[in-house]
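One chain, chain A, links the two complexes that follow: it is found with chain B in the first and with chain C in the second.
On to the complex of A and B.
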């Protein structure tokens, strides 16, 4: 029981030492306004009622969460100065820091933790995060005890980054729990306990935050102000990075932009820091329709599609290889799975075996969908690649995202290009694609109709396994199976990059991108 | 009195037309597969089925079509444009926040295009085969045929990146401190490139028309008479000829007003100008029906007002129209 606590303390001491050493080398400077950018308009600034990367950045500055993570996936104290998981995994105790206050001066107490869990359970789209949490007990003002119905190791990541914003009950608790979703103070007069407080959110223009002087970590944040400009146009953002109008931006995935900005003096461009976001691109295959029911057909398709071409030519070298449903940066990633280097002979013989002989240069027809214009090259490439093995592919364009989402949600497709995020623990963002009780439940459910009782079993076990090594072994088996059965063919990571000017010290390059407090970021003189 | 009467009739037709357009568009939006719940789930990074169902129930999207349409029309009749599903805000508030930016851009671009277009037209009409005339023709051809988003990005690359005179995006620099004048100048600096971009298409139209009508007028009898009287060339061109040549240009400008408003959508998208165009663009992508219809309503209103203004201006420059009703 003490093990976790002690470990946490040692790690934080070591880190503090490292941080101190680092500080000697390059002292953070106080003050300054950091100009950053959002690629679209946030629907809400309250991360307790909505996830997503655009909400993630402001919400992680406005609201503090119980934990935060370092770049090695180790939990660090934040609002909780220490924590403890009971041996049976059913009780998680959070010991809160004593000096934390909200932006209106009221103290952060265990009652706010209990309230926030309730709000998140009722409103947040990721139901798996807190589903096993039955009650939150508050023995005293600074102790919150989460009682679980089953062990839930995913809870640790779910208590960090943008996933668990702690809301002040005295402000957001003035109506029914469900009404927090549309609370007027989600977009104006937002009150949290994070390092920055809201100055102004002007729809379509900007979000402006300023330093919260009573932030509970002494001496932080370093910045006086953060401006988040809303610039949806990629070309305009590229020029703004290049001419110095923006100091920093995250979640940039356009290969042309990334490669262009890499050549600009004074700009740093890095793919580091998105492990927990875990964005993956893949070729989805409907395992309940026509020839795709046969795993040999799915394998033949994998043998015919050249991942290397997608990564090097279409993504222009910006994207990394991915082989399973778990992001390569995750500690659970297992890369020694079956891979499918291009082999047209093998592909052809698999299709023959499956009973689809070549007749007049053609075996059968399939369709391929895509949901946004950026991935049209990928589906056009798949069409050309599969022609070589006698599969005639028709590209089906969708008028817009909802049209595509409806097709996917109702499994009205043969193949589709898709991008799905891990969102921290595999329980939150990975299981949904492969478990059989989530078939056809809207976009980004198990839209492939994949069902394997062993996979269901493994994932159910992994969800409650408290031992990290055993858990890793379970996910290893899971990844081996899905790489062999191919409900989706994993091709590459979505190449999110953080772009920052040389003036920015200590940019957020942990596991959550900018969906994490940037209280340690500063502007050099 | 007849003026007032014709105005009222026009407004009546506009209201009928607008209602029909709103109902038609509401129906079309309903018929399109998928809905705003899908885009909300997209902005959330995915959502469970029960969350999607909850969103649909919250916004009444699970109701049958006649009920949804009935509710919408009912609200419209009470001058209530409804609540934006995507932005969590009343549509009227969203639009009124964005309207000033669009009005500023549209009117600046329209006036810029008119003034510069007419000046260029007159210059080229005075020497139809001179170098200046050929230059104006080329400029017009270029402005008319180049897509606005392309012109916009080109201007950005030249005047924001290579020669950093103007900012890339937005309407103001929030880090600037100072009084009203400082802020006004800042907005003006942000306005230059978008206004030029939007004006470029219409400048082409107006300059060509001004050139043609000026050529015709300059060849007419009364101009020859004026010249024969010994009036100065300058006086003849600007006092006699231009006044008559101007009214077709102003008429065209009035007709083009709706085109300027719709052109603003693209220009705003390129320059992240925080106006109705950006909002329209994003609402369409998000399938946010109340917001889209609200913007449609307001754009129609802007066009109607623009047309009325055109009428007034025409009456000012052409006394013959003052007595007429229409």
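On to the complex of A and C.
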């Protein structure tokens, strides 16, 4: 028996080698096991009830979504072979592919789309994604019609990547909608219609997926298996990449790791592919507390904090400049806003003007918080930089991430270092930081207490504007105001990098990182 | 002490005798000199070398000896020498204060347990054992995490997890001494419990406690370094452990940023251990006949 098995393996390897020999360099090859990595343990594999990049990678493989995006931000057919948005923007019709089936063999129907929208509305933390969707009509098995209360251009991106996992109603619909959040099959026996199905999820160790043979796109996926090892320690991951134990990993932002791996032969390291994730680093300032209420004080701080130092020295050249709340890779990014090149004289005169004269080398005290050890250098830098203009900054350490998150959520801080994601459309990830009706609603809400009625107005208009150019103009005005009023000082993008070995063909470098199906990725032999 | 000197007119003072014994241990004397220099550096250093340890004075990662920075600069371009000088103060202070906290707790509990015996001893010693089996680093991490990483809290957290050895030694000494004739004599001449405990027994129980305490200062410095290394530290003060902790991710690019504070900890703790060893020689009566 064993002998036959071994023989079989040899034969298939030989065949694969021959097949590969014939293939052109760029021709995808079937087969192989891709070893990849997750930086922490996913709380769930079901992206319909949970956000986050660690959930995003497995969920996008297990569950298909209606759309996918290419690297130029153009929507592409996926579960929906075509779609149509009515002229008034209030009706979005999805025409589903006919041959899509779930991993248990049941067909994917419009009823599953309707069910999934309900689940996401009830359980997903990003409430703005589907808030305007009032009902989903299902005129036939392969047509789903989303009825909106107002035009919602963000819907397109919200139907892609990890944001809209289509769940089988016959599996997850066995209880109340809210109960899907803790459904036992979110972590085991997961059933989706994505290119890979779950073999095993072992907490803290690995997630193993294998090819779904009845995937609705003919000939895909190319890989037979994906192993996602869970390695939280940065040094351990670095060594694993170096030793060739990992074929690929995404969302790596540690500058030391990135710069070290760039020098390793046979490894590719690229910051491409995170436009829709849109991770931004910034200095948050509580606009409702003490001296920071005064915009002149906030500007003085911006003039004293040297972005260039943060990007070049602290991030060691791995991070790009960012100037507004929208990620530079987004089509809505507007870079011609007010910038604050270091100017201590200007900073000092702004503070004098604001009524904080220098007395014995000091003007006033502020505190600064940080939520995780990786950004402690930034916080220490701000402290040193602001001392030069007479602001004595005390660094407050938080015992753990929840402590910091609570302080932020309750707006119990003066300044803090923060990292926030755009999550595709600005409506999903950008508005939350600046609209006044989202003040103090937990971490990553409008924790700065920023309120500007014009900004509220612009963002409300941009949320429903279907015309791309007009929308762009609205976001342009928004970004100009934000850069002038500085509820947060935007310093840099968080430098997410994808690391992959030369053996990996077609790594996911679109806009969603690995939070997208990797059915086109293959292993060169 | 002066009382004792008066009563032992003809014999040499026990203090002088102990000093003689100590001086015979050359390593301990050398360690004492080095530690003295370190202490001078910690106290006077910030005035002699007034660079603010938090000021960014040069570009990051300037190697030692270049551009006028003897030990180089760290990842923010701060002067490493200034950081180590200022860090000495905090590290030594925490070491001393934490040792004092644990001695206070340990001696009190050990003395009461050893003196009263019976159920008091049972309760106190079981409590001591409870603290003894707790993983000390974890327990102090929990304390610091719960109540915030201020210097006082860190000192308290270190002290509160390391008093058990002192308590046990004190109790053992009390158990032994309380049965000796001079104690019985004092009791017979009407000395109260408090007087017996603190003026009759305790002074005679001191030698092993002093040795243990000296060693504890070293342990406390290491402990603080460990906590700082894990990030449980007051970010507004510099300590040696904190320098290592915050520079450790740059260890491959600039190893000197962790080497120098590491050396400082190593030398200091070694000195304290050697001094403790010397004190042991000096105060242990069994060795005097040697």
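Before moving on, here are some points about what is shown:
One rule holds in what follows: the second predicted complex is superposed on the first by the 500 of 525 C-alpha atoms of A that agree within 3 Å, B and C clash if a C-alpha of one lies under 4 Å from a C-alpha of the other, contacts with A are read in each partner's own complex, and residues count from 1 in each chain.
What we mean here is this: contacts are C-beta pairs under 8 Å (C-beta built on N, C-alpha and C of every residue); 3 or more make two chains touch, one makes a residue touch a chain.
Predicted model, so just to flag it, every value in this text is computed and none were measured.
Of the two partner chains, neither chain B nor chain C is touched by A:175.
Taking chain B and chain C in turn and counting the residues of chain A each one touches, the greater count comes from B. In the superposed model, A:205 lies in contact with chain B only, and not with chain C. In the superposition on chain A, A:394 makes contact with chain C only, not with chain B. When the two complexes are overlaid on their common chain A, residue A:260 makes contact with chain C while staying clear of chain B.
Contact with chain C, but none with chain B, is seen for A:313 once the two complexes are overlaid on the shared chain.
In the overlay built on the shared chain, the residue A:432 is in contact with chain B alone; chain C does not reach it.
By the touch criterion stated above, A:139 is placed in contact with neither chain B nor chain C. Residue contacts after overlaying the shared chain place A:373 against chain C, while chain B stays out of touching range. The contact surfaces that chain B and chain C form on chain A in the two complexes overlap at residues 399-400. Remark: chain A residues 33, 35, 40-41, 43-44, 50-55, 125-128, 181-182, 186-187, 202-206, 208, 227, 229-233, 235-237, 239-240, 242-243, 245, 399-407, 409, 420-421, 423, 429, 432, 441-445 touch chain B in the complex.
Contacts from chain A toward chain C in the complex involve residues 234, 254, 256, 260, 313-314, 373, 376-377, 379-381, 383-385, 387, 394-397, 399-400. Those residues of chain B that touch chain A in the shared complex are 32-36, 38-52, 58, 86-89, 94, 97-98, 153, 156-157, 160-161, 164, 167-172, 174-175, 269-272, 274, 278-279, 282, 284-285, 287.
Across the complex, chain C meets chain A through its residues 54-56, 59-60, 75-78, 144-146, 148-149, 231-236, 246, 249-250, 252-253.
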